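By written order: A, B, C and D. Residues from 1 in each chain.
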């Protein structure tokens, strides 16, 4: 998907009912939209309908800005949860980091070569260590040291900054702090974390050490939306790498870094391209 | 997709034009069809449109047998290549084998546990060796020994048998004969082969030996539709396995057997579930 | 490794100390053994030494049967745990199954084409369902129905049968009963199980259902030695397969069958070729 | 393998003969070396012996600098090709690049966090574009523009620079020039290239375009030593990624970048840790 085609994307979920695809496609056809990509899924167990449609907006017969308004009556009739996003309206992202550089480095580099069709607006950290890396990419870097005492206060400041910067997506690129419920509630299914294990195995701290002690033959990384329960939110993407008895903890950490970088980058791309719908503890990823 | 839901599947490709999804979905909606699964792809480079739609036929308001006829005018208008297949109208398959048992064994076993929603009607071989395996599964086994002299004649008999048995799909489960143009023309994009390399590398004979001599670090298997040019038809599925210097030719063959079995089985399933559209030398696989 | 080379394999672990490789290699050299394969690992964290050596025995200058006796003084000096197995002395294996056929089918087929350099002597089941499959391969099939009441008694009979048949390795090919401590103690690190999850995730019952409910993007299979604690023994081999929201429970089970077959077969081969050393909850697999 | 353990590594190949492991291990034992890692391979088809041994040098009873000299008589007797490298004697590496940044960026970043136990001494390019990236890591950057007319002359200057800087390994991190025979002969099996295909498929130019046109379902990357014949040298490492009809050329290039980075980094690490032995067109990689 490139920035030079003006397009719009609908993400929608509702109870399944007859004629949904027909009526959505007809809605677009009537208004001069040409469908570029349509992916649809019916969960027949639960009777649920999920769809992602992207269409070319060049020959729209209504003002592009009024698309969402025009679609609202239909969506209401369906009882749907939905968003329409224009390709011009790029997501605005904040990256949260601590001391590890590999995920930040990866996301900033990919951003610099145009892999993400989004604006990364700023980097937040509880430590000053990675300032050089943010600045190398011309990215504002904000330090909010966190202690048990000041956590609520600092998170309040962070939220104010995010609001001021119109951030819609937060990426925890190995941010070593647990966010409070209040923070999470401000960004439901819009905070993306990378956990360095094949969840639900080895949740919590030191997953590589846990993996070595258990003697698994593969390690994993999991990117998920953050919810109140630690390492328990809807999974967006996972991957694994093979290890052997020859790999000491340091080797496992090295192999894991590569996993973390790639898995987080894929999850972020899926999210920024509006490919992810959340349903309870699960995601539908239209990749 | 299971056999207890009566459904129908449309596979269609044509030049891209506005309103295609809308009109196809509307056609089904008007006739009481409920879409279960829709996957659509536009090749914007070539301006081509591909779609696969499966819908529930329980509440159809027209006779199910007349679906294709009813759809014909629309398809003509689109200038489309298309098929509609009812879930009751199971594909009829012939397996072609020589002496290796692993692919035949795999396909017959999967068939026996219901993985393929199709009828495997018979096994053809140029050698008698695998008769026991076909008969173990209650499958008719026909031997047509092939020599340079009798090839045309034997293929003629094979085609007559396939026609008599209303076979629509031929699976070459390590059949060690090159089919003639005449045979291939009788089943365009309906003869599935498994080649034991990561095509286009190591086409032709002895690919594992070639792989060992080249010193590759991975071997592959490729399932493709058969065309006149050897090992050159549209690829349906591929996979690879890691090898090392410790693997002698016998080890490579052993690892390769597992690849061949799995890749062929996946390709056959995609084909039998009408998930494959061919466009020139390529396939679109709606998996 | 093929059956036509007479060879012997030493598996040994002990506290690390200087000169171990030199003295073991010298022991073989002095007695006319030619090393074909040597793999050695030092766990520098714990100060432990692990080695697997295979040597050609054709030009041995001592009777092959006396190799173990000749090595005993050295092993005692090292304080080692060790085995020497001659390639003639094939492992004797019992397969335990219940109602699922895929793992049994896979192991018997691989055995039939010579993939395992071992004798599979018999099949034990708590149900009569798979008798046809064992008999198809000319394999004795013994049914021991298990109830809460008769479990101890039936396991006693099973153990007597295994002893009578000189079985040294038990493969649980989807055997749906938990073995008692007494049974496990009779075969320490010689009972191989296949669990249909990426352990330690989803231990216990219905792992595929658990995986679907958690919304993971990959499923796994794990083959491990059986210990007293369920699904907790030393892991020999694992692998994974990708799933998506399109995969319903039945699809996950289908993909999982392929994983289970391959992972169990690999673990069994590693064990039968004396490639596995156990250290606490972990294995060293010299593959 | 870390820099704080002083150790030495022997890489050796010769015709197989009895007693090789014993005599090598004994040589080390006698001189107070404690073996940390030993990997050995016999190619029984060709009667060849390959070994890699790493040992702790803290309690050596001879001067560490005289190890190679002391080993020479034994090596001569074996008729071996061999090297002994002390962990202090780090490889010295030159990176060659053109305009693509991803491989350079990856190697420099990994170097910066200590993944390579080596000195990257300088970057050579035929274009000035990536100067900023080299300088960001404090790395000298030398531009040698290449034309058909000046190629021999410029390569001569490059070789002089490499010699002056005592470079032993050249890494072509997407260097878009074919090196001449003279240059290659100066670094036999010490120039590492990354080719963006699963060799031998799609050698030559535009492999991703070739892959798209052929309709493969997976793309690959191959890292190999450079020989006179383009894309034909001994393969060190390969890997693949899945693609589908949804991936346009740009997507394939994006997925390929990740492959190239990881495969090249792995190959470089294997080489710098003295894990690679070359035999004809193949490598033995003791990983």
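The rule is short, and it goes like this: a residue touches a chain if its C-beta (ideal position, glycine included) is under 8 Å from a C-beta of that chain, and two chains touch if they have at least 3 such contacts.
Quantities reported herein were computed from a predicted structural model and do not represent experimental measurements.
Asker: Keeping to the contact definition above, tell me which chains border both chain B and chain C.
Answerer: Both chain B and chain C are touched by A, D, going by the contact rule given at the top.
Asker: Quick one: compare the interface residues of chain A with those of chain B and tell me same or different, with half as the dividing line.
Answerer: same
Asker: Once you find the CA centre of chain A and the CA centre of chain D, what distance in Å lies between them?
Answerer: About 37 Å separates the centre of chain A from that of chain D.
Asker: Between chain A and chain C, what is the gap in Å from one C-alpha centre to the other?
Answerer: One centre to the other, that is 42 Å.
Asker: Would you mind listing the residues of chain A that make contact with two or more other chains?
Answerer: 41, 44
Asker: With touch defined as at the start, can you tell me which chain B residues reach chain A in the complex?
Answerer: Within the complex, chain B touches chain A at residues 18-23, 25-26, 28-29, 32, 34-42, 44, 59.
Asker: Which stretch or stretches of chain A touch chain C in the complex?
Answerer: 41, 43-45, 50, 198-202, 213-218, 220, 234-240, 244-246, 248, 280-285, 287
Asker: Where on chain C does chain B make contact in their complex?
Answerer: So the residues of chain C touching chain B come out as 2, 101-102, 105, 109, 113, 115, 136, 250, 254, 258, 262.
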